[in-house]
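The next part holds the structures, each set out as structure tokens.
Presented sequentially are two complexes of chain A, the first with chain B as partner and the second with chain C.
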Partner chain A sequence: MLAAASKKQYLFIALLVIAAIVIGFWEPHALIYGIQRGSLYAVIALPLALILGILGVLNLAHGEFLTVGMYATFVLFSRFGVDPMLSTVPVTLLLAVVGVAVYLLTIKHVLKAGHLSQLLITFGISLVISELIKSIYTTQPRGVFTTYSYSSTTLAGIRFGTYEFLYLLIAVAVLVGLQLFLKKTRLGQATFAVGQNPRGASIVGINVSFVYLFVFGLSIAIVGLASVFMVPRVSIFPGAGTPYTMKSFALTAMAGLGNLNGILLAGIALGIFEAVVNAIPGGSGWSDVVFFGVLILVIMTRAIREGRR
Partner chain B sequence: MKKISLASVLLLIAALMLSSVSLAAEPIKFGAVNPLGDITGFQTTRAMELAVKEINEAGGLLGRPVELIVVDDEMRPEIGAAAIDRLATVDNVDFFVGGMGSGVHLAQVPALKKYEKITVWMGAASHQVEIAMGPDADWYFHLHPWDYQQGASYGQGWTDIANAHPEIGASRIFLAYEEGAFGTDSYLAYLDLYEAAKDGEGPYGQILNDFAGASFTSALLGGGDYRAMLRQAMDFDPDLFIWAGYDADAVPMVAQAMELGFEPPLFVGAPPGWPANFGDNPLSDGVILYGMWAPALKEVSEISNHFWNEYIKMHGHEPATYFAPLGYTNIMFLAEAIKAAGTLEKDAVIEALRTIEYESPIGAVLKIEPSNIISNQGFTSQKILQYIDGEQHVIWPFEYATSEIKYPFGR
Partner chain C sequence: MLEVKNLDVAYGRIQVIWNLSLNIGNNEVVGVFGPNGAGKSTLINAIVGVVKAKSGEITFDGVPIHNQETHTIARGGIVVVPQNRELFPAMTVKENLRLGAAYIPHARAKMDETIEYVYSLFPILKEREKQLAGTMSGGQQRMLVIGRALMSRPKMLILDEPSLGLQPSLVTEMFQILNRIKQDDMVILLAEQNVRQGLKVIDRGYVMENGRIAMEGSIEELSEDEHIRRAYLGV
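The block that comes next holds the complex of A and B.
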């Protein structure tokens, strides 16, 4: 299920670089914002792709786990004065525990029940999380403000914020980490095998149940990691993470199931598309149309090509 | 001796029975529909409870206690409409009160028209509601200023401020608006005001020379990146930058402006509500906002001070949005009218609502006047407020001002 980089991918990278250079000359801010935002989309989409690729479950509660991570970071900041950067380890671990608990209590029991049951149960989880947060914190947004998260620099006469480049670093780090895990560790290879053929993996003695549990916990931990770095830049409210579920699914679908490298590239490409549309006066309302329009185009093109084979 | 004692006991019992008539009497029922999961609806309900408690402690109305029955509309139009039916048919309420969102209230209009009970509605600013209600509903009283009244009051406010402070100008206005109905309606309203101002007419006729706008996707709807829009605003170089979005946009909007080095002389936010503890954020200093009330009003208004202290005493937290004093006003205004009417008879109460004046903790006297369509409109203007040293202050209207304007923003 997890495909390696292919010729097509290199071609896509080349096209992306050419487009980036053109956009960089035309509207350098759009290029910067696009890379920053696209990287964020990618780091959030990677764990969704992992769960979808290995467990075969489309997790509709993905964005809500992101929200949980944001509130956990907020609580550490507001109650104990912990800077978000220092919350990285505790929040990531907390989300791993939450992921494991949710898997054991719910997901585990619907793995063989078909996609509709899986969709419904993850949808139910998303509602429960959202309503729980509402009942504790109401819908009023909270915030964690740090001056460093809005620091900026000027380069060649272009002033831009520097913090969101962290998203690119994290996206690359998570991607490289996942690739190393999948290729260089026994558990990673077992995960890869389960993703390819769970029944076969089981026959050769791999503990498929444990792999599923581990992958789900790891994925939700990555979501927690992403949430920590987002918190200084966003408002925290019960629906804060929700829109990222669809964007993550869109990136996964665009990259192709199991193509982790493709998710980063697709994220940056769509981030740049979005930023270019936003840079055009009156274009803001079209950014989602472009985002999902490009997605539809890519999926249709792929489907037509596969149909011809 | 024994007979005297028996007579005394009987007299005592009779006296006790008479004195408890008001407690045992059938309550006057106020039926409220509020979004309880939202801070606005939650605090409105708490403020209404405070008002009802004070009324009942003072002996009730017409010798009867007041009962508040609250139904959660969950911010969903269909639930809000069903709540009216339930309150009218199951709970048999005497009056309808409460309400926040225009979308929910639009769905409630047909049900309200069906029952034609006296309704004193505190929220719903969209003029679409006024159109839906029409001119014939003499039983319908609306307290919140309509959207067009708010726009006009801001224009009046900036004109007054510019006249009082010649160094402050608002001749170039840039409106950043969220791309949904709320923001787009604001933009269209400003376009109309700008067209009128070109001919020297309307509330901005004396001050506005140039206007531009750009949309953004609100954080509430999955956006939250305002940098492209802010760069367009920077290029326009406005005297007054205003954004019409939601509370979730507030902090990132100001912070991203700081990141870009965008510091317009007047930085105004116009969301329906603000995030919790926005004043604690160092970036809030100097941010201007529109609203009906600020906590600082307690320093200049006795009734505001009373409301503030009693609300905290009863509920243990501070009122955070103007919907709390508006909810209190909602109940107290209706109660004062019932007292003035001396009866629950519909025509008498309507007449009383139209004639009484109520000094509200909002920081204004509430009296009913016709608006564009309906005949019973309450408040007609908002206030211009500013975050100064972490606290919201009223800077206009001047008679309720709690501070001088801090100008320019961010320097």
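The block that comes next holds the complex of A and C.
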């Protein structure tokens, strides 16, 4: 289900803005870095949320699709000398095809099989993908160096990287694109309807299987898009995408299922939070522990509150 | 128009419809009466492809539909008002209505016209058109599903216990509205436990018990039958 922005969400935005201003004065680097990282988290989390919201499947292979996109970009670069920015279209399309194929071969057959089978099958897919990558490309880390990805600028005496602002741009573009798709197109309205009630959707003439196929393909394509822009800044190895599965799930859980705008906000909050923890002397390495601790608290409070209702 | 022949339906190993045959002619309103658990909903779900038949044949205007998917059957002109409504709770009344027509090619072009017709049947839906479907009362939701079904300009309307859970005054109103829909030349299959009210709408009816057709007849035959008088009409 996809819900509209609530009062609570505005409160959250207000808190986030205040925190951002405070942090901006205290540690401007953390703020900028946090917004950049957080936007990236959001781009990756949005498609996971879409698959979870519409198909009801938690895709544990999410991060492995990201890895596939990274290697595809790397191969285009190292073999054919294609600049990552030019890989955007081919890699996004490739991942759409991979998504559709994986859906038709596996996910499609477990949609009615219950959550446990679904989790197992997506976990299996994640293992298959990472082992395949290992056997083809070994575990040796790879990289793609471009000069523009390390460009930086100085503003009001603060020096920061500019490339990663692309993440914010892409996050906003993907979010706005998805919202327009859901509200303004026939297929998008069908998707929205299927997310609320698949049986009701089929009764009004919506081809529910096609919507599932499309949503899965589109989501994996978005993952591909994200991977292309990460490549110039990350080291590429078989497990490179793996941590993003849990981060994405965490953001989806924090935002509340179906709240796409909330994912961008939660992503930025997570990004800033990580940057702040890392800026504290001796803090690096603790951000995941603290973050998942906070997440457990958030989910538990929500569960308790909903249980009371 | 619709012909069901020797239908068997099972949930896993438990068979709930046994060798059932029935038919609905053009311009007919046909009732299927029976107690809770008789298999009325299962029969309807088999017709619209929500559950798959184990064996038997279902044809609509001569075309076999028992292997078609629900959305194809809907586009072919059979639309159902399910017992448990199946609305889109996070969408407004008007959005729900529009979705009823949006994916049926011949209905889409006439959407604005049909919505006025639905509003004339259910003025409350026009009053509430901006309200979220999930926040409406049970009775209003029931009206909304019927409205949504009509939006698809069906050749045949299947209603699964439309009076279920309505307060008595609304039940009477509901059957008056069904009579109006009937007068606008709709072919209807009506499943009901409320035989007394159902008899006011139908042309002909079946009685279903334990997954089988126990009796078939005209309004007169049904209302004069001893078993039906005792078991369903309380006389």
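Assume the second predicted complex is superposed on the first by the 309 of 309 C-alpha atoms of A that agree within 3 Å, B and C clash if a C-alpha of one lies under 4 Å from a C-alpha of the other, contacts with A are read in each partner's own complex, and residues count from 1 in each chain.
In this text, contacts are C-beta pairs under 8 Å (C-beta built on N, C-alpha and C of every residue); 3 or more make two chains touch, one makes a residue touch a chain.
A quick note: this is a predicted structure, and the numbers were derived from the prediction, not measured.
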Superposed partners chain B and chain C on chain A - clash or fit: fit
Touched partner set for A:S117, first chain B, second chain C, both or neither: neither
Larger contact residue set on chain A - chain B or chain C: B
Superposed model, angle subtended at chain A by chain C and chain B (C-alpha, nearest 10 degrees): 140
Touching partner for A:V204 - first (chain B), second (chain C), both, neither: second
Partner chain(s) touched by A:F192 [first = chain B, second = chain C, both, neither]: second
Partner chain in contact with A:T301 - chain B first, chain C second, else both or neither: neither
Minimum Cα separation, chain C to chain B, after superposition on A (Å): 37
Footprint overlap on chain A, comparing chain B with chain C: none
Footprint of chain C on chain A - complex, ascending: 1-3, 186, 189-190, 192-193, 196-197, 199-209
Parts of chain B lying in touch with chain A, wherever the complex brings them together: 37-39, 42, 179, 214-217, 219-225, 227-229, 231-232, 247-252, 255-256, 258-261, 273, 275-278, 281-283, 320
Chain A residues touching chain B - in the complex, by the definition given at the top: 29-30, 33, 37, 134-135, 138-143, 145, 149-152, 159, 161, 233-235, 237, 239-240, 242-244, 247, 275, 278-279, 281-282, 284-285, 287-288
Complex contact set, residues of chain C against chain A: 48, 50, 69-71, 74-75, 79-80, 82, 86-91, 99-100, 102-104, 148, 152
